[in-house]
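Pasting the structures here.
Next come two complexes built around subunit A: one with subunit B, the other with subunit C.
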Partner chain A sequence: MTDTALQAPARPVAFRLRFGTGWQRPLGHGLMILLSLLSVFPIYWMILTSLRPENEILSTRIWPDAATLDNYAYALSAIPMLRMLVNTFVVSAVVTAIQILTGILAGYGFSRWRFRGASLLMGAVALTWLVPLQVVMIPNYLLVARLGMIDTLGALILPHTASAFAILLLVQAMRSFPSEVYEAARMDGANHAHILWHIVVPNLRGTIASLAILVFISTWNEYFWPLLLTRSAQNSVVQIGLQMFITAEGTQWGPLMAASTLASLPILAIYLVLQRQVIASFMKSGLR
Partner chain B sequence: MKPIVVSAALAGLTLGAAQAQTMPAEITEPVTITWYNYNLASAGNGADATRHLIDLFEAAHPNIHVEGVPVPPQNITTRVQADLVAGQQVDLVQVTFNALGFAAEALGAHALEDIVPAAELAANFEGMVQNGLDLGRIDGRTYALAYTFSTPVLYYNADIFRQVGLDPENPPQTWAQIAEAGRVIRDHSDHIPLASGMFGPSAGDWLMQGVLRSNNGGVINADRTAMTFADPASLEAVQMLRDLAQEGILVNLDVTSQLESMAAGNAAMYLQTSAVQGYLIRGAEGNYDLRATTMPGFGDLRPRPNNSGSGLAIFSQDPARQRAAWELMKFVTSNEGYTIITRDIGYLPLRMAVVESPEYLAGWVSEHPLLQPNLQQLSYLEPWTPMPGPNYVQIATTMMDAIEMAVFGDNDDVAGILTAAQTQTQGLLP
Partner chain C sequence: MSFVSIRNLQKSYDGTAVLHGLDLGIREGEFTVVVGPSGCGKSTLMRMIAGLESVTDGEIRIGETVVNDLEPAHRGCAMVFQNYALYPHMTVAENIGYPLRLARVPRAERDRRVREVAEILGLESYLARRPKQLSGGQRQRVAMGRAIIREPKVFLFDEPLSNLDAKMRVQMRTELRRLHRRLSVTSILVTHDQVEAMTMGDRLVVMNGGRIEQVGTPAEVYARPASVFVAGFLGSPSMNLFAARTADRGAVALNGTQTADIPFDAALPAGATLTLGIRPEDVSLAPQGQHAHAGIVDLVENLGGHRVVHVRMGDVMVTAIVNQLAALREGQPVSLAFPADRLHAFSAKTGARLSI
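Up next is the complex of A and B:
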């Protein structure tokens, strides 16, 4: 149902572009090209700056007189960039997998089982979404310290093993799943685990994929929690690495842009490969 | 985290400090200390030089292992706060001077006089610049030794000066001369006449303290019990800045844009910490003639520059770790340590021998003329006074917001803006 609703506005736009009369068609194309250029320009400027030599780094020319890879070499040597990228990927992938798992389990429980206090519990889960990260950061930090997990990747993952966003999204999706299918499965003798993993989850692949993309990108961009937690660059993530090029003595724009370009590549790859799902995920969940 | 919670949690630590044993004369067993350091949280010269210092120290003190904890400067007190409450080992901390009061009064930084034998302390202070030592003192007690610190310098683009008919050999020495030069630059070029590091979220209040003091004003009184930035002398200095802004001489840009304007050769004059010298040199290389002079004064009054940067403070409770932290502190503030800090990071030495002796950096200094105004100001440097109490950040932010509004805002009532903010910040004092 959601997919149909999402696709609905696309048709009139395509229709108008295809059959638009006279000046409307080039105007529409021109507007889209302009918006595309505006969207791409910051990325272009990032890559351009990453290729500029140091004495041209503040130049406003839109093409470098002499391109160099020095900034990439410096960024890779000044901080453990590759290690940080691997760390970030591992943390993002594990957080995504765990949040999907806990979200599916909680979503199924809330959507299929009626139990005393369910609404209260659901409300409590929803309320946690309203608590800013900064409020729980220090208590979480104290807990992680007591567990002896400071400066570990495990501690970067631990507070993110469940999220209200994932649970609410999946509860909503499972509630809209046809109840006749559940009933038919029950009549065939399927237990809850079978229904969940063999019937519900395969049919919610689109929603789960959208959620996975959002969680992965959100975790990839996480800054404050790793900043508080990590004690060594080797155990840190790429967002902390980027910040290391920004100092009170001036920002090292060339290496920063080189590192930012490298850090954007995995996310860019996700967009290229899963473009349709990424757009759908933002539309389904609203802009987080 | 609420300061009261932190204070309560740290009360035990402070009590413990009062009852602490005397530190041993030497380290005989292996010991590991932590060094919370913001240079390690950056990429480049600062981190490399710090790691080099640690390597040299560990080689000279095989029983002491130093674990560097990289923390950005704006997060260092909150991180130390969190780690103390979490029971983490906090030994030596690179504290920015604006947080020194909080570190000493709320977080339990030790006064060196309390933990280091008096004779040893006096011997170590020999050869240090007295004004530099004062940077880390509160009420006469030394809570930090200046580590990476610098002074405000007026950078200028000699090419722009020549282009508009000004003499780059005689740069402005007073604010009146800056205004005069600024008018010429404004009228005869498209360049920004005067940029500065005074305003913006990351600027802090250190440079403004120096500007107001140079007119015999100030932001807070000597015993840090009353705010004074709306007093007549301070008011006059802020009014002067507003006049410069109104005339189109002092530019209203964020602090980073001003730095980059100077580095890119778009600004003619730039008042900022000497710590950015390396960045400006890299921007100027092959592009324009970068020069520097001392901080401007008001009329016949001698300028009263103060410092930006950080000092080192000891938080260890264990006597052996106190000794190890003190040994590290002594090493990095020795002639050898300051040589590395000055040459490789670009900060000032607390020991003049470093810049005067051929054994250290005398030759290097003569090859780096931009350092001269900085060294000249060492003899009359004054401290960056930290705001007292747990609201120290809020006090400084409220004050700087008001001054920025008074300088660049539409409201001409400078006295009214500053007086209102002074009353407000007075209520935030402990």
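Up next is the complex of A and C:
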């Protein structure tokens, strides 16, 4: 029925791995524990290294002998870490907001309007997904340079104002929204803008939240484009800041791990708070 | 004078015609039921009146206005959808009041009218709930509330009862009729359910294959079906229809039976083919030998108040309705009679009713 379709995205599908019964069950759980340890270990090691004093930095002991926050203090003073975190947050938040806005508008157009060349245009949008960054890197760089935007946060945002992924995901969600509800709103006297913002969007909150999480995380982790664009540490993002600890003279492992820990904290927080939604969004997008 | 008038209405999708020039007039305040099998074009007709489908050719007039090119909201129609189409994120009160909110009716006035409508429909205690917290029948009422509050000139109901369970359907059927009596607004209801059609409509419009087969009161349509399709479609169990030919003047022979001819006064030449029909309740069933035609009871369906008996007569199956008292068992020989004044005749070629 209608309602089931509308309520579906709210809760993610529960993971139910079946390992059968008897001896298969402990074996299955053992395998899962092993895989979890493999995934968690690098994070543990990063935090562990960040807490080690400089003379023990390459120690292979699994427990720290003496914990110190020196690396954090150094990392925060060596590069404008807080400023970079704020920059990264601003860029990620703005990109997320804009991509969702353009995605919603394009999604409504593609899902509700029949116009000549619609499927061609939709195909073109889908194809842009297949174009790797390396192909558009130089034209985008030239464009940004001509606009005089090199070394600005705006330049980090501009090429990401629309994404095929966001559009396709929202087109799909809006197509599965019951057409009778659109029609009921039309009969009640609502125009397209009203239908979109007051009827469709409030009912796609689950999908939009999932999309927002995915876009935010991928923008936060972006490295290559900011590397091309930024010149000064003040206008840089945290992923570039990390790279500053890897120099020709060698890698400063302690501060690098401390900065990495700081850089991953916001994402970690998102995972912890929105765990269910994050898993759901990865599953929904087929990225699992 | 018709209030909703449809003239030569046509609809085609990519060159394929689905409505072939319909003409229909609906009087003001009348409850009209459009009935027909799936795919007969009844929903398309309703959606065209509502403005949700464009008109390929012809004219739709509501009151004095030709509405062909008017937006759905400006036609003065309110529609209740099959799956209710409530706004899932709004409460019952917000759902009902939504058309007024769009029309920028002041909040106090809006609240007052929402309460009024809720009272009519018995929804007062559900106003703060969301659609998913309601039962099917309650959702249906909310959908009606959203239609009523607009004070439309025409109500359109698109199979409004088909998502309800059997008991609720019967209850809502009566409620809808009562509501219509109270509001006296011209209403058009589309259904494929013949019981709904027979019980609810002041007038029936029977459709088939994108054409109107017959328009009339339920009693008229039942008593004098205009075509073999209408005869077979309305009535449960449906009318017995036999391929037949005229034997000689004043009698017809049913194909596939060896029994005597049926007295029948049709102005047809001997040997002409036709379809003969008789309703199951008009077939007389008696112990062997009493009537002219012999048969064997094939199956007895006990429906509580009466029984439906399927009788084999040569190669032909006849359905009859008998009361509970008659003692009947499967395999029992019986005799049947087809009273001449209860017979219907249709052209074998066109299916149209032949005057007797």
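The rule we apply is simple: the second predicted complex is superposed on the first by the 252 of 288 C-alpha atoms of A that agree within 3 Å, B and C clash if a C-alpha of one lies under 4 Å from a C-alpha of the other, contacts with A are read in each partner's own complex, and residues count from 1 in each chain.
Rule of thumb we're sticking to: contacts are C-beta pairs under 8 Å (C-beta built on N, C-alpha and C of every residue); 3 or more make two chains touch, one makes a residue touch a chain.
Given the structure is predicted, the values throughout are model-derived calculations rather than measurements.
Q: Could you tell me if A:Met244 is touching subunit B, subunit C, both of them or neither one (first, second, both, neither)?
A: first
Q: Scan A:Arg25 for contacts with subunit B and subunit C and give back first, second, both or neither.
A: Touch status of A:Arg25: no partner.
Q: Touch test for A:Met187: subunit B only (first), subunit C only (second), both, or neither?
A: In the superposition, A:Met187 contacts subunit C only.
Q: Now for A:Leu58: first (subunit B), second (subunit C), both, or neither, which partner does it touch?
A: first
Q: Determine, under the contact definition given at the top, whether A:Ile79 touches first (subunit B), second (subunit C), both, or neither.
A: In the superposition, A:Ile79 touches subunit B alone.
Q: A:Pro255 in the overlay: touching subunit B, subunit C, both, or neither? Say first, second, both or neither.
A: first
Q: Who wins on subunit A residues touched, subunit B or subunit C?
A: Between subunit B and subunit C, the winner on subunit A residue contacts is B.
Q: Which positions of subunit A sit in both the subunit B and the subunit C interface?
A: The answer is that subunit A has no such residue.
Q: Which subunit A residues qualify as touching subunit B in the complex?
A: 54-55, 57-59, 75, 78-79, 138, 141-142, 145-146, 150, 227-228, 231-233, 241, 243-245, 247-252, 255
Q: For subunit B, which residues are in contact with subunit A within the complex?
A: For subunit B paired with subunit A, touching residues are 1, 41-44, 46-47, 67, 69-70, 72-73, 75, 79, 82-83, 85-88, 202, 256, 259-260, 263-264, 273, 275-276, 278-280, 282-283, 285-287, 346.
Q: Report the residues of subunit C in contact with subunit A in the complex, numbered from low to high.
A: It comes out as residues 50-52, 71-73, 77-79, 81-89, 98-99, 102-103, 131-132, 146, 150, 163.
Q: Given the complex with subunit C, which residues does subunit A contribute to the contact?
A: Within the complex, subunit A touches subunit C at residues 1-3, 6-7, 178, 180-181, 183-190, 194, 199, 202-203.
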